[in-house]
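Naming follows writing order (A, B, C and D), and every chain is counted from residue 1.
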Amino acid sequence: MDNSPQSISFTPGDVGVDPISQGDVDIETYSVVDPDGSFDSERVPDLSDDEFRDLYRWMLVQRVYDDRATKLQRRGQLGTIASGRGQEASIVGSGSALSLDDWIFPYGREAAALLMHGLPLRDLLMYWRGIEDASRMRNANIVPMSISVGAHVPFATGKAWGMQLGDEDTVTFTNLGDGATSTGAFHEGMNLAGVLGVPAVFFCLNNQYAISLSFDEQTNAETVAQKALAYGIDSIRVDGNDVLAVYNAVSTARERALEGNPVLVEAVTYRRGAHTTSDDPTRYRSDEEVEKWKDRDPLERYRSFLEETGRWDAVDEAAIREEFGTEFEEAVEAADEFEERDVEEIFEYLYKEMPPELERQLAGLEDFLEERPDVYDHIERRPKG
Amino acid sequence: MNATIIEAVNDALHKEMENDDKTVVFGQDVAESGGVFRATEGLLAEFGSDRVLDAPLSEIAIAGAAVGLATHGYRPVAEIQFSGFLPPAFDQLVTNASRIRWRTRGELTAPMVVRTPYGAGVRALEHHSESLEGAYGHIPGLKLAIPSTPHDAKGMLISAIRDPDPVLFMEPKHVYRSLREDVPEETYTEPLGKAAVRREGTDVTVVSWGSMMHNTIEAVDNLENVDAEIIDLRTISPFDRETVLESVRKTGRCVVVHEAAKTGGFGGEVIAAINDDALMYLEAPINRVTGFDIPVPLLSMEDFYIPHPPRIEEAIEETMSH
Amino acid sequence: MDNSPQSISFTPGDVGVDPISQGDVDIETYSVVDPDGSFDSERVPDLSDDEFRDLYRWMLVQRVYDDRATKLQRRGQLGTIASGRGQEASIVGSGSALSLDDWIFPYGREAAALLMHGLPLRDLLMYWRGIEDASRMRNANIVPMSISVGAHVPFATGKAWGMQLGDEDTVTFTNLGDGATSTGAFHEGMNLAGVLGVPAVFFCLNNQYAISLSFDEQTNAETVAQKALAYGIDSIRVDGNDVLAVYNAVSTARERALEGNPVLVEAVTYRRGAHTTSDDPTRYRSDEEVEKWKDRDPLERYRSFLEETGRWDAVDEAAIREEFGTEFEEAVEAADEFEERDVEEIFEYLYKEMPPELERQLAGLEDFLEERPDVYDHIERRPKG
Amino acid sequence: MNATIIEAVNDALHKEMENDDKTVVFGQDVAESGGVFRATEGLLAEFGSDRVLDAPLSEIAIAGAAVGLATHGYRPVAEIQFSGFLPPAFDQLVTNASRIRWRTRGELTAPMVVRTPYGAGVRALEHHSESLEGAYGHIPGLKLAIPSTPHDAKGMLISAIRDPDPVLFMEPKHVYRSLREDVPEETYTEPLGKAAVRREGTDVTVVSWGSMMHNTIEAVDNLENVDAEIIDLRTISPFDRETVLESVRKTGRCVVVHEAAKTGGFGGEVIAAINDDALMYLEAPINRVTGFDIPVPLLSMEDFYIPHPPRIEEAIEETMSH
């Protein structure tokens, strides 16, 4: 018998093989208020006037926060920061749909969502100053930011699994970027979530960029939403600049998740600013593109909805700005006053009980700092970023 | 009871699942199948499918979900089927498990165990036989334990499950079934972070861990003229310097034996610790007997890789000859 | 301004959010010959009678190979092995659709595909004896088996990328199991393949199990095929026990891949035997289930096609068995005679040039083996597995 | 030309892409953006989008595809944006890159480079500042180079790209721009696997690499009474034992300085090597000055983590006092 090459050379011909492709899947983008301000009244959620106005207020808070934090950063009072500009509707619409008992797994841009979940503003600023203490996420069910992109997805699945085992009435809510969807951690975490049917909502803020990489170079998939199909889990694609749409989408997702159906929500939005304060976006995208997305400004769009529905008059934009401005300044002051710090801090909490070698290292450092105060010439304690 | 290591592991899992209903066991094939080495045999029947679960082929998710469960008040005991499949989970260990307590200043903690059989000698396929404790032992915040006997396997695994911090638990699969000893029926703990003096002696200290302990003991048994003190390190992180130092201060000589590749292996750290605090006691260079700086060969030649007793004997003799 | 919890409690109501779910996607399983032997003549590929018979021959080769290798293993002459029993149509249908210039990334069960790609049978046996030399994949464009499940996917994407850069007329052909689809490596490798548009075919032999885990516990996705949507790449779901269907599917996939459209093919099949020779499947699946799939035996089904189309008479099953049996025995003999081996072998080829420390370690071992021949008491040189 | 390290890296990439059209550069943000540190600036414009590509957020795929490209005759130079994001790719390094030559007996080879900026001190966010060379240096088959100067960055990167084996190239980002020196315009190579004696001396050998070299030099400069010999290890794997041993045999004293955590760090291996072959020359225990066994702190306290010159000075003085 001959073991030599046996491949058959294919003679094409129509044998009826019809591949499945993404074009076969119909994915609509859910919206309530169109960019031009018109809206589908059947889809307007049943909220009180104050609640409607609150959504605006929080979006404005996000915007003011981003502006002020950026200024602080430029003054050297914060480290590198990532702004949520352009994504306010996604951040606020999602954050508002959560219960305070839910756990948020943040990814870095969602200041307003964290604040409304209970995190003190002082702590948020302290985190960006690089102070570990802020990652306690005091007063709020929030896991520290996943600076390592995507790494939080399986973590969130595991925590949701815990909620499921304990029959709790809560979900894990994971914020992630479009870039994060390309990580192995995303894949494995999502798949496990699907298998276990855990109460988890994965919220992808598809802001069209991962630093300089545009979404269409990040993946050949036309949407993030369709990625959920790989896990047999449901997904919702929503206009991420439409706060009511995001609110409805996440509320629905959350309900389903509570029933054991994890959901991926893709909020289609745009990162209006730089990736972070260390990035220069003019290197990789055009002004026109940025301009184009300005039309869909989430605040303006929602403002026209409020106007149209007679709720705008009671919004005092200047007052909100001022109120939050004051709050921001107080938070900065409080952060400035953060307790006297000690090197012990960086050794503590690694283990419940410090192992002898670590104790030795700590004691050595403490002695050394006393003996050789000249080492401080090399140490910039940067309580202010 | 008289038990092998695998039986001891199994017993520890049974005991802790009974003891604390927050203990959850998962990993590939751990449920119906009882694990490819049968470490989790019987758990599903006893504790049900809420607490004993098969995981998809997802090492990242296994490690990552363990962190999530652990921060939520559970005691996950995850199995990675072979240590050669732990590298995909490396990031979850480094980025999440090892530092969640530290990042959150103790607000969230990860009392989890990742068990994995490690080492060569069982004629497994490629990538199944690695010993990378040198790399994992270098992750601050992650404890790393490697028992060598059934007694320790049970006691240390119970300690690991109860430990408030994440523990990587590497099991010497080469001796999973090849040795038995009396193991108490009841629950007991063996401390993590404490080496065991397996045999007292005055001439030379031989430090080892995991399956290499047995080659070490055999080698020492063969050397009639040498009164060796044998230390089973048992935990790589935190590393029990004191027990090693005390012994070396007494014997003045030391040989370290491990199966992992030599360069960058944990043997270097043992030597460095002795250098730090017992150098002046040394009467000879510290010898290392280790795997070579190569991947573990496929099964037909893997035995050449392993530090067998004669290699250890020679190293001890050489050390004694100084 | 109050920073206290601001979440809005959702009042459900029909706001028109309609999640996308896997039920919305229509995925057909392509087939040519039905389990009962009836076939769609429009789909029968345009092959010569000999080629049609060759497909049967190779399936039989796979089956005989699996039987004989298993026996060898039981006699201690091979290490752990993984059989392709039940998957013959997937293995042979796909292997036949490739060009010899294509590169196969095997996963372990596809003996016949490797043999027809040019790998000497002796080498295949030597690999399962644990002899590195066999991973040269002599005479064939084959990368060593990916024993680490899924790890070969990004590797294959990279090699296909090389083919693309060099404008070659070839593809990488990656075999993988259903279990492999849950790995991060699969995800990242597939996504990159989609982004780059490389000439790669990913062939998932969905044999319903990953060791003891059934496919429906592996993922909540109903098919592997739909996972391709996550990457915006095309997929084909095919009856993996229908050799003509697999042949057509892979041929089509390969053509598309050559045009810059990577394709995922899911071959729906069944692992009839144990996972490997160290596995006991009765622990986790019922006899009935196994029986059920016997009905769909790939060889029998194809045999009825050959009978129906008048091609069976010229197939001499006994002769094929005998011929391959002889070949197998010769290969075993050749493997037994594999050159005298030296420990140098395990040190060589790690680097192009052996670094001094490694040379030292090798020299030390060589000296030691001479000095202390008693070490051989501990060393089982297992040229025969 | 007078260049910083980042400029030298950029120049090396330009030169090698010119020299060999099989060289392909890819990674996150390396194309239009020119890399977050601008290491790949200008490459896209000069060599086009076939050879300079942005990769998705996929470290596994970046490392894995590099192996594939390399086995297909290309010379991929992949960038991992920060060393803290290398752990997801650990498995591809261990399982594919490091051993494809070995598995296939030289039939397939992986002449690839993975570049990554490492280390603390630039006020980066969490997970950006790690030094895990101790773990990566323990992977047989993977070379690991860490230049400390612009001259070496260029010459060693060119060597790495031309090397027939996979090289992990860790760049000391803390000194990316903070020092300049004359760097030849033309192409040249600095060998991998060879340490450099940065300064000759007779009293004590100080071994370091990467950004800690500069703290070491500063410390030595400050110690007027000590005539230290300074060795820049430059390559962790393969490790140039001979240069270290020769120096220690001369000086009888040694201090090892690295930024990575102490326990399990590569300093242990350096000490072990000296123990092996130069123990009898030692007049004092070898000192280690390293990062602590903790994650790198967030930016406000990260400076406390770093081995600054005074810590190195003290260690040298302590070593001299024996």
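The working rule: a residue touches a chain if its C-beta (ideal position, glycine included) is under 8 Å from a C-beta of that chain, and two chains touch if they have at least 3 such contacts.
Since we're looking at a predicted model, the values are computed, not measured.
Undergrad: Chains touching subunit C and subunit D alike, please list them.
TA: Common neighbours, subunit C/subunit D: A, B.
Undergrad: Identify the chains in contact with subunit A as well as subunit D, in label order.
TA: Touches both subunit A and subunit D: B, C.
Undergrad: Compare the CA centroid of subunit B with every other chain's and tell me the farthest one.
TA: Measuring from the centre of subunit B, the most distant chain centre belongs to A.
Undergrad: Based only on mean CA positions, could you tell me how far subunit B sits from subunit C in angstrom?
TA: Roughly 34 Å separates the two chain centres.
Undergrad: Roughly how far is subunit A from subunit B, going centre to centre by Cα mean, in whole Å?
TA: 39
Undergrad: At which residue positions does subunit C touch at least two other chains?
TA: Counting only residues that touch two or more other chains, subunit C contributes 132, 144, 148, 151, 182-185, 188, 191, 195, 217-219, 350, 357-358.
Undergrad: Note the residues in subunit B that touch 2 or more other chains, in rising order.
TA: Residues 56, 58-61, 84, 88, 91, 95, 99, 102-103, 126-127, 140-141, 239, 263, 292-295 of subunit B each touch two or more of the other chains.
Undergrad: Name the shape of the chain contact graph, picking from line, ring, star, complete and other.
TA: Shape = complete; every chain linked to every other.
Undergrad: Could you list, by residue number, the parts of subunit B that touch subunit A in their complex?
TA: 24, 50, 53, 55-56, 58-61, 63-74, 76, 88, 91-92, 95-96, 99-109, 140-141, 143, 164-165, 193, 238-239, 241-242
Undergrad: Going by the contact rule set out above, which residues of subunit A touch subunit C in the complex?
TA: The contact residues of subunit A facing subunit C are 1, 3-22, 24-28, 30, 32, 40, 42-47, 51, 54-55, 58, 95-100, 115-118, 120-121, 182-188, 191, 194-195, 197, 217-222, 225-238, 247-249, 251-256, 263, 320, 323-324, 326-327.
Undergrad: In their complex, what parts of subunit B are in touch with subunit D?
TA: 84, 87-88, 90-91, 94-95, 98-99, 102-103, 126-127, 130, 132, 134-141, 237, 239, 260-261, 263-269, 271-272, 275-277, 279-280, 282, 284-286, 288, 292-295
Undergrad: Sort out for me which residues of subunit C touch subunit D in the complex.
TA: 132-133, 135-137, 143-144, 148, 151-163, 165-166, 172, 184-185, 188-189, 191-192, 195-196, 348-352, 355-358
Undergrad: Given the complex with subunit B, which residues does subunit C contribute to the contact?
TA: Within the complex, subunit C touches subunit B at residues 79-80, 129-132, 144-145, 147-151, 179-185, 210-213, 217-219, 278-279, 283-284, 341, 343, 345-347, 350, 357-358, 361-362, 365, 368, 371-372, 374-375, 378-383, 385.
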